[in-house]
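Read through the structure below, which is laid out as structure tokens, and then see the notes.
We call the chains A, B, C and D, going by the order they appear; numbering starts again at 1 in every chain.
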Amino acid sequence: MAQNRIKRNIKAALEETGFGSKSFSDIDRLILEDGSFNVTKKGAGFKGFSFYYWLLNLHWIRLLLYGIIGYFIVNLLFACCYYIAGPEQLTGGLEQRTAADLFMHCFYFSTQTLTTVGYGFISPVKGTSSMIAAFEAMLGLLGFALATSVLYGRFSKAKSRILFSKNMVVSPYQGIRGLKFRIANPRKSQIIELKVRVLYSHLEFVEGISKRRYTPLDLEISFIDMFPLPWTIVHPLDENSPLKGKSQADLEREQTEFIIILKGYDDTFNQYVHQINSYRANEVLFNADFEPMFDTSYETSTTVLLDKISDTKKA
Amino acid sequence: MAQNRIKRNIKAALEETGFGSKSFSDIDRLILEDGSFNVTKKGAGFKGFSFYYWLLNLHWIRLLLYGIIGYFIVNLLFACCYYIAGPEQLTGGLEQRTAADLFMHCFYFSTQTLTTVGYGFISPVKGTSSMIAAFEAMLGLLGFALATSVLYGRFSKAKSRILFSKNMVVSPYQGIRGLKFRIANPRKSQIIELKVRVLYSHLEFVEGISKRRYTPLDLEISFIDMFPLPWTIVHPLDENSPLKGKSQADLEREQTEFIIILKGYDDTFNQYVHQINSYRANEVLFNADFEPMFDTSYETSTTVLLDKISDTKKA
Amino acid sequence: MAQNRIKRNIKAALEETGFGSKSFSDIDRLILEDGSFNVTKKGAGFKGFSFYYWLLNLHWIRLLLYGIIGYFIVNLLFACCYYIAGPEQLTGGLEQRTAADLFMHCFYFSTQTLTTVGYGFISPVKGTSSMIAAFEAMLGLLGFALATSVLYGRFSKAKSRILFSKNMVVSPYQGIRGLKFRIANPRKSQIIELKVRVLYSHLEFVEGISKRRYTPLDLEISFIDMFPLPWTIVHPLDENSPLKGKSQADLEREQTEFIIILKGYDDTFNQYVHQINSYRANEVLFNADFEPMFDTSYETSTTVLLDKISDTKKA
Amino acid sequence: MAQNRIKRNIKAALEETGFGSKSFSDIDRLILEDGSFNVTKKGAGFKGFSFYYWLLNLHWIRLLLYGIIGYFIVNLLFACCYYIAGPEQLTGGLEQRTAADLFMHCFYFSTQTLTTVGYGFISPVKGTSSMIAAFEAMLGLLGFALATSVLYGRFSKAKSRILFSKNMVVSPYQGIRGLKFRIANPRKSQIIELKVRVLYSHLEFVEGISKRRYTPLDLEISFIDMFPLPWTIVHPLDENSPLKGKSQADLEREQTEFIIILKGYDDTFNQYVHQINSYRANEVLFNADFEPMFDTSYETSTTVLLDKISDTKKA
């Protein structure tokens, strides 16, 4: 019974990543190139929907487009209100005779009210229009408060943009070999208390059924206090490594994917940031090593050449 | 004496949930359906009151309503000021003769000043009105700054909307049986470092007196790094489980409630989020198991069917 | 030598509170009633000064007052600019002849520009004034952006308002006696993961010199998951307690102060909050116990009577 | 093999600071005076670029300057639009005949629209100009929303301004000697849960090659709950210290730099803050000690003299 418990614990240790063992078994890639998961969710309806959340995650172009369309529609609606209330309640439109002219007059008045620019050439002189205008101006201010909220909400979210080397390499390390990749922070700002985890995900064939397994890999160093310089992360291929003795062909046959999970504290935004990346079997270079990425001609400060992050040489 | 200390520690371990043993003994439900506690607080007066806090927690409809009413009242007050200062200090109202007309003229002028729309058809031409208008326009801007603060404050608060299966099930698990429930994140965004605790709350009858006890339940996995897929949380009903051998009738007699506490890090809002839920005895299905909720016809990405989260079958 | 090391560690353990052993030896109280420290800092000059920080910590009344004064001064300065540029560049002032009238005209124009209300009755018609007005309107918007920042910065800061019982009591507890105090959250919102530390601060007389010592006290429970109900915090007066056998007279002679440090996570603001409080010797009631603060007439929800938090009875 | 593992672990412990052993070997200083790293990053291109991030880190003067220039350019562009659409579509410019006058008329109209001040003396009376103005006013509001976002983003970032003593001192401590420096918080607000780490960075000469090593130094106390008073941080120079027996000449020859890393929680901003500082060999005073920095004439509160933080005397 205690035996069972231990087994369960091992199983738990292997699967407490949240990826599950079946779901990702045959698909092309677990982690897409933008760091998101290769998962489609259906049938939620509006249970998880939040208007603000949706605005936060819209693409900038779409957000701007929707903003302009919304602005146009709101003005159109208010133009109708003013037109129904009677265009003669607005000054400055007396010489305009056609209905279209009068409607446009109402429309321009609406834009001048909603933005609170209020030139006054067109101005409400009677009760109904004045009341609608009072309401529209308030609505304009609220809409603008909303815009400020959305803009700040989008801006204030820290997003780390840590650079990854294009490939992993397998090269000599401390008398044995090591699986290595390299990261660097392109910004001047600091990422502090950076933690890295590497999961080795691969298909295991048990009794003819393939199951995806996730094994955390031991790292030489998995935490650094500060991240001013490029960092080469190393998994030593010693006798404890689940990768020991595997060739590139093995990795490809097992549909291997190395999942990298970074967590740090962004010192400009004062927020925790996460970044996920992955390397597939064909992105691992055996018997290669990284070129140095420091400029040796420096004099008083250390100079990092970020465009050399993926440069490798024969090991 | 050391014995006493140990006893105290056990007691502490059982009760460090913050629920207390007496207070919830006879009531209907500890956790209401919106995740809040079934607790009423009286007699605080204004000791804990905060205006902003109140605005943050108002329902949207109420907030809007109070906003409009407040806008109306402020304009009414300033209309009075302008009326007292003399409506003849404002342009554009010369042809209006009745007191009501002149008061409405002041009112419209106030709305045009507070929103800073300032058409100018009505405009202050003398000192007193000009001074009041200068003050009102500043107040309008401040009021609007407040509105922006409240809107952003409401929007920027991360709220997880994790879906729970409608029922808990008891079904075979690793050779024994397990108590299970299922959760899923309906959003595309990530919840990271998700931790789950399950408290088993029930009445204990000691010498004729019922006391409510809170026992944390061991879970197969209680923490996952990432939460891209549905997660079935399992409490193994092994020999260590306080639920071992209990039937549905036992659970109902003891007024059992399983309290679920989730904590995670929302990667869109960069904030920790909490969510509380509970299952009562009549929401536990014995000898049932969850249906799979993956779409087996997927090709390149894993497809989750969120509307099947509560689907069960005979075990 | 190892002996020395241990001694140093003990010393460290006693003093890692950050209070120091000499500085607070003779003063009246370590913690003032608003939870701040009884410390005056001099000679920093402007090294730690931050304008925003200062605005955040100003009293509301002062903030409003400074705001109005600032608004007035800025308008005065711009009025001078317009007056120097020539009041005849502004419309609507032709019939005003005295210099004072013309200056007030400039002043009102400035207020209408800074708030962007811009009625237009007064309007710039020449280059210099138009240019100044363009600059002033931009400045007005920036000033208002600043106001929004300050308002939101003040509002969005979570402040816990946990209520403390007025006194500590010493009463029977688990066969021995316990030093107790009681806290409650007056708000409906949740404080989560609440941690409490109690420091016993007193004067120690060693070779005629008094030194202040800070000893953390063991608590029955020092952490709760959730805080929906009042919580009575207990330090058991067992054989390990540094308070064992001390009377009220002892506590007063040693100028005892119990420092309470609370830390929790506010679930409305999604921020960590801290609250500090202290009890002096004369606020400890020996042989008293707290009255229950639940309304026993409840039916479906637990009812807490917050105004009874300090009610005690003979033990 | 286990031996190798241990060696690797030691290496890891020494280098998990993120500084690397080669990169900083010959340069003048690791930590610049503003607490940033003496590192230059090249070749990142726009990979890490974020417009908001850039605005957050601009100097105030530059930000203001760019803001004014941007405001001017946008108005210039819109002035061109109105000029092309035809200046006769704007009121108030009929008496102005030269092209330059008409263009300036358009420019002033643009400033009055962008800031939404809209006096109305200049006002659009035809379709094209009205439409452009409707768009410009909306753009003005968005630009202002952006300004609010940037201002708040800059303001709301907590920055600790902890003061450091100018020098480190080596003086008697607990029967042996200690390496000491002193810090103080000049603000009235609290830094909570302050953690300090000291790294001893120096060149090691192995087989003629110099390598920079980073060794964490043991501290008497490395964590304090609260930080109301100055704190003297001590590294005991006992038999375990890597500095044992080293003279000032040794420190200078090895290009020693002591790197101080502070982390705390700012209770006004409710954010974690970090601060980095360093002392070079020539900033260490042997056989000196700090002067007390308390005002002994206090009566009811402890008085700290912050300008004496660097005062030392012969030990």
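Convention: contacts are C-beta pairs under 8 Å (C-beta built on N, C-alpha and C of every residue); 3 or more make two chains touch, one makes a residue touch a chain.
For clarity, every value in this text was computed on a predicted model and none was experimentally measured.
The greatest centre-to-centre gap from chain B, using C-alpha centroids, is found for D.
By residue number, more than half of the contact pairs of A-D reappear in one of the listed pairs B-D, A-C or A-B, namely A-B. The two sequence copies chain B and chain C touch through a face in which the numbers common to both fall below half of the numbers used overall. Here the CA centre of chain B is 25 Å from the CA centre of chain C.
With centres defined as mean CA coordinates, chain C is found 36 Å away from chain A.
Within chain C, contacts with two or more other chains are made by residues 112, 116-120, 122, 148, 152, 269. Contacts from chain C toward chain D in the complex involve residues 1, 4-5, 7-8, 12, 15-20, 22-24, 27-28, 36-45, 47-48, 50, 52-53, 56-57, 91, 112-113, 116-120, 122-125, 127, 130-131, 133-134, 137-138, 140-142, 145-146, 148-150, 152-153, 157-158, 197, 261, 269, 271-274, 276.
For chain A in complex with chain D, the touching residues are 67-68, 71, 75, 92, 104, 108, 111-112, 115-121, 144, 147-148, 151-152, 155-156, 159, 161, 163, 174-176, 184-190, 192, 194, 220-221, 223-229, 231, 236, 238-239, 265, 267-270, 294-295, 298-308.
Taken in their complex, chain A has these residues touching chain C: 116, 118-120, 148.
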